Amino acid sequence: MIISILKDAIASKYESFVMQDSKVSIDTNVIIKLSKFPEFMQLIRDDKDFKFDILLDHTAVDYIDENVFHLVYHLYSSSYNHQVIVLVEVPRDKPVVSTLCNIWRIAEWQEREVFDLFGILYNNHPDLRRIFLEDDWVGFPLRKNYKDNFMLEK
Amino acid sequence: MENLNSLSTNNQAVILTNLEKILNWARANSLWPLTFGTSCCAIEMMMATGSAHYDLSRFGAEVVRVSPRQADVLIVAGTIVKRMAKPLKMLFNQMMDPKYVIATGSCTISGGPFIYNSYTTIRGVDKLIPVDVYVPGCPPRPEALFWGILVLQKMILQNSLFKNKKKRYRPVLAALPEGICIEEIHSEMKNILKSKKYL
Amino acid sequence: MINYSLDNFANLVDNSNNSTVFEVVFYILSIFITCLIFISIFVMVVVYIERKVAAAFQCRVGPNRVGWKGILQSVADLLKLLTKEKITPLYSDKFLHFISPMLCISASFMTLLIVPFSPYIQIINIDMGILYWSAVSSLGILGILLAGWSSYNKWSLISAVRAASQLISYELSIILSVLTMIIFTNTLNIQKIVLSQLNGCWIWRGHLVTLIAFTIFFIASIAELNKIPFDLPEGESELGAGFHTEYSGMQFAFFFLAEYVNLFITSTIIVILFLGGWLPWHISGFSIFNELMDSIPPIIWLLLKVSIIIFVIMWIRWTLPRLRIDHLILLEWKFLLPTSLANMVLASFLVLNNLYFYV
Amino acid sequence: MTIHLKTLNEILHNLDEKKHWGTKEYFINMGPQHPSTHGVLRFVLKLEGEIIKEIIPILGYIHRGIEKIGESVSYRNFVHLTDRCDYFSSIINNWAVSRTIEQALNMETNDRIETIRTIFAEIQRIQSHTMWWGVFGMDLGAFTPFFYGFRDREFLTSIVEETCGSRLTMNYIQPGGVLYDIKSNFIKRIKQYIQYLRPRIEEYEKLISDNVIVQKRTENIGILPSEKALSFGSTGPVLRASGIPLDLRKNDSYGVYDKVKFSVVIGTKGDSWDRYWIRIEEMRQSLNIIEQLVDNIPAGKHMVTKYTTKIKLPVGYHHSSIETARGILGIFVASDGMENPYRIHMRSPNYNNLWSITDMAVGLKISDLVTIVSTLDLIIPDVDR
């Protein structure tokens, strides 16, 4: 409930950043245009009305049918105790997005995790390499079209 | 498990037999485990070795060694994934003979809850290293681990040191009432996995 | 008062000079075997007791399956270690790797020579006894340092360097406390040090000076023994197994044995310097009590006092956490060393003015 | 636009080999089998002497791909996988999944369920902290605290086992209730336990907190200022030690936390000592919470839906977070309306708490690294998932 109110507030304040026509319909989250994405994150962190100072979580969802990745950023404000989920759509063919390392330090490793499991590339990331799997691992396991002979599928 | 008498009386000098008995007794009663735990089973293992309620030291096995060179028994506690396979093998190779392996928990025995759809979990630690005793449970209670250690002690007491040096005893599953041979479980598991009727 | 005579020791030393080669060899061999038997039995007993004491502190039972109440537990451990495979790592310095456990154990063996178990039971009584002890016991460091160096293991190396810096620092405090006591006793001969306490242990007689010396000596000797809170060289949670990471079987057992023999000998030296060695406990005035105490053999007295010290060391070991390396070095160089230096000055002042208690 | 993908080997062979004289830096490998990395965490340390110059955590030694498994199991089955992540807050993990599902379905639970859940969550917190206290002592080199911590945990484990039927991986809290109703003598035993633990905590303080060595080894070691803590995404006791009172029990007030009195403990400096002390204090707070709740558990059913009911979440994103013993655990579900989640993600508190070590431990010694890892209280299966 908090999220939906916040969503409206953010959407009205940062109108030019918010994507209005998305292929995937989501009610309670803010979807941001890819081109303006890191700018928006910087703004929303420093905004006195929102103060999202913690990047709680970052992950991705693979929509193979729509041919997009949804990058999910979960922000939390320790001073106002409110949270919001920011989504960015990235094309599946060219999954490149700017890094948030210089905004939140933790983004460095959260992005490494997403790179490891989804193969999303981050621009200007200081240390982009696999984190859970070995460096010579082939494929990105959490993509929907991941195939592995080792895996025993039910 | 084979009977003790059938092994020790055959054509062996009395001195050797007695020496063998003494050495086996010493080895069975001084099993120093290696600190090796990857996940939840490690906690129950620690509960067994390091808790006042269970106290593995009663069997003389509380001297947990950090260095694999000094350890006797490798208690594999917790899931083994592909990345851990290499260090695990290395640890096993670094251990000095005589060495024993106890696999605790369903993850180490078969992959447990992570058997399906996991791209890293190794389904059974016996694919990497030879296992002597399997202790089932998820995670096994400390008592179950004790049972496994007692079974291992029995196995060591039946070892023949001089006659059949390389002889390994068939690995057993430390479950009630007597140890079940692991081969039966393996064949059963293969059938289940082939038919895919499970779950 | 009993008049203990030291003549028989002098005779023993003199006679050995005139004996044949065979006799000398036999003499040395018998000493060696006696030492070996004593050490193995002693170490096994102490290890068993330590495990039981640890269990008691930790609300456990401790070993109780092997033999009656588990007393054969250490025997099983030793036998297993004897028959365990041992290897030399591929890139290690093979000779040094082989020799360092021997160095450790032989240093401990050699210090055993001068331990006076009673006025009559002592392997050799030399006039420089206490100096000999401090010189030889520090040879053990060499074994540890070489073990860490030769193992081709970075953790071992860190451990060895830690051990060296720690042992060398704390050696100073030990020597200074010993010197303080020598100022009081006026002799280096261990038997004479014991006999100088006929009228009362030094720990009571020195106006707090000897008490300070005792405390410093005790702390420094725990550090020498690598026991918690000073077990940095083999700190399990930091360095794994420390300098003996690459050792297994008998070679590891040597380090283990050396550690426990050192424990015994250091406790003995503490007892000799401060607590009257094998002398019985007397209360002046109570003649019946004193006679009763005299009837207990001196060796029992020594072992009793030593076991109390060992128990206290175990107590500390199972209670305290470990220091950090820089705190450890600071404690020595900034606190213990100046204190013991000042203490020594005070001691000489007391002795020059005959101010300590004569009883 | 260039994106350079590195490998581990590249980093490890990046030493300055030209230098021949003077002190050299060297790499040393700590883990994955090392007693104080709490499992299979691996650090590669760049050292100069004993001083840490750089620290590279390497993960994945227990990465089982739980999120991938989660995509093919039902929501109920996913609950038991969360047990195996952070096994010291397994009930709280179960609660996080259940809460997400209940929020998504607008499922109403009754007071009895919420009270039981709260009590068990606090029991888990105490279990986790007593255990942590023991391991902390062990990491500092004192063996006895380890046994005391385990001893006190064991009493609680047996109480929990009586109701949940399991000691470590309980799988107790389910969507729509709890699996079993509490046993008849649960209340009696837990009251006895509270009476038992209170003096024990004082004993802990005597044994470890009052010890000069511990104080010297924790004070001003691994300072994490509040801005850094926020930037590093730390939560739980680690963040609270830095002085930020972020506790979802207060801020989000799920369960019946709004009906009980307790205070959020915060530190001042954010050093290891604060992190240590906060956990000790939290044990007392948890005891208070249990004491307030255990006497008046409301009557009612222990499960509002049948266990066999199949769960389908509405299409879209569902999210909720919960305060475990180590920080905020978030469950993020992308649902496509099927029985199994399209994508399920766990925001693990340990994963996010871990990384502040790359900043904190630099310039300190190996012993300090051990202290810091211990006060961060990491559970590696939860880091790797």
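All chains are identified by letter, namely A, B, C and D, in their written order; residue positions are counted from 1 within each chain.
In the analysis below, a residue touches a chain if its C-beta (ideal position, glycine included) is under 8 Å from a C-beta of that chain, and two chains touch if they have at least 3 such contacts.
Values in this document were obtained by computation on a predicted structure and should not be read as measured data.
Asks: Decide which interface, A-D or C-D, involves more C-beta pairs in contact, and give its chain pair.
Replies: If we tally the contacting C-beta pairs, A-D comes out ahead.
Asks: Would you identify the chain whose Cα-based centre sits farthest away from the centre of subunit B?
Replies: Farthest by centroid: A.
Asks: Using the average of all C-alpha atoms in each chain as its centre, how far is it in Å between subunit C and subunit D?
Replies: That gives a centre separation of 45 Å.
Asks: Using the average of all C-alpha atoms in each chain as its centre, how far is it in Å between subunit A and subunit D?
Replies: The answer is 24 Å.
Asks: Using CA atom averages as chain centres, what separation in Å is found between subunit B and subunit C?
Replies: Measuring from centre to centre gives 40 Å for this pair.
Asks: Using mean CA coordinates as chain centres, what's the gap between subunit A and subunit C in Å?
Replies: Going by mean C-alpha positions, subunit A sits 64 Å from subunit C.
Asks: Counting only residues that touch at least two other chains, what does the list for subunit C look like?
Replies: In subunit C, residues 58-60, 236, 240 touch at least two other chains, as defined above.
Asks: On subunit A, where are the residues touching two or more other chains?
Replies: Answer for subunit A, listing residues that touch two or more other chains: 132-134, 141, 153-154.
Asks: Spell out, as numbers or ranges, the residues of subunit B touching 2 or more other chains.
Replies: 52, 66, 83, 116-120
Asks: Mind pulling up the subunit C residues that touch subunit D in the complex?
Replies: The contact residues of subunit C facing subunit D are 54, 57-60, 154-155, 158, 162, 228-229, 231, 235-240, 318-327.
Asks: Write out the stretch or stretches of subunit C touching subunit B in their complex.
Replies: Residues 51, 55, 58-66, 70, 72-73, 75-81, 83-87, 236, 240-241, 244-249, 252.
Asks: Sort out for me which residues of subunit D touch subunit C in the complex.
Replies: 26, 28-29, 34-36, 50, 137-144, 147-148, 151, 207-208, 211, 213-214, 216-217, 365-368, 370
Asks: So in the complex, which bits of subunit D are touching subunit B?
Replies: Touching subunit B from subunit D are residues 32-35, 39-40, 60-66, 68-69, 71-72, 80-81, 83-84, 87-88, 131, 146-148, 150-151, 153-154, 167-169, 380-381.
Asks: Using the touch rule from the top, collect the residues of subunit B that touch subunit D in their complex.
Replies: Listed in rising order, the residues are 34-40, 42-44, 46-47, 50-53, 66, 68, 78-79, 81, 83-84, 87, 91, 113-114, 116-121, 138-139, 141.
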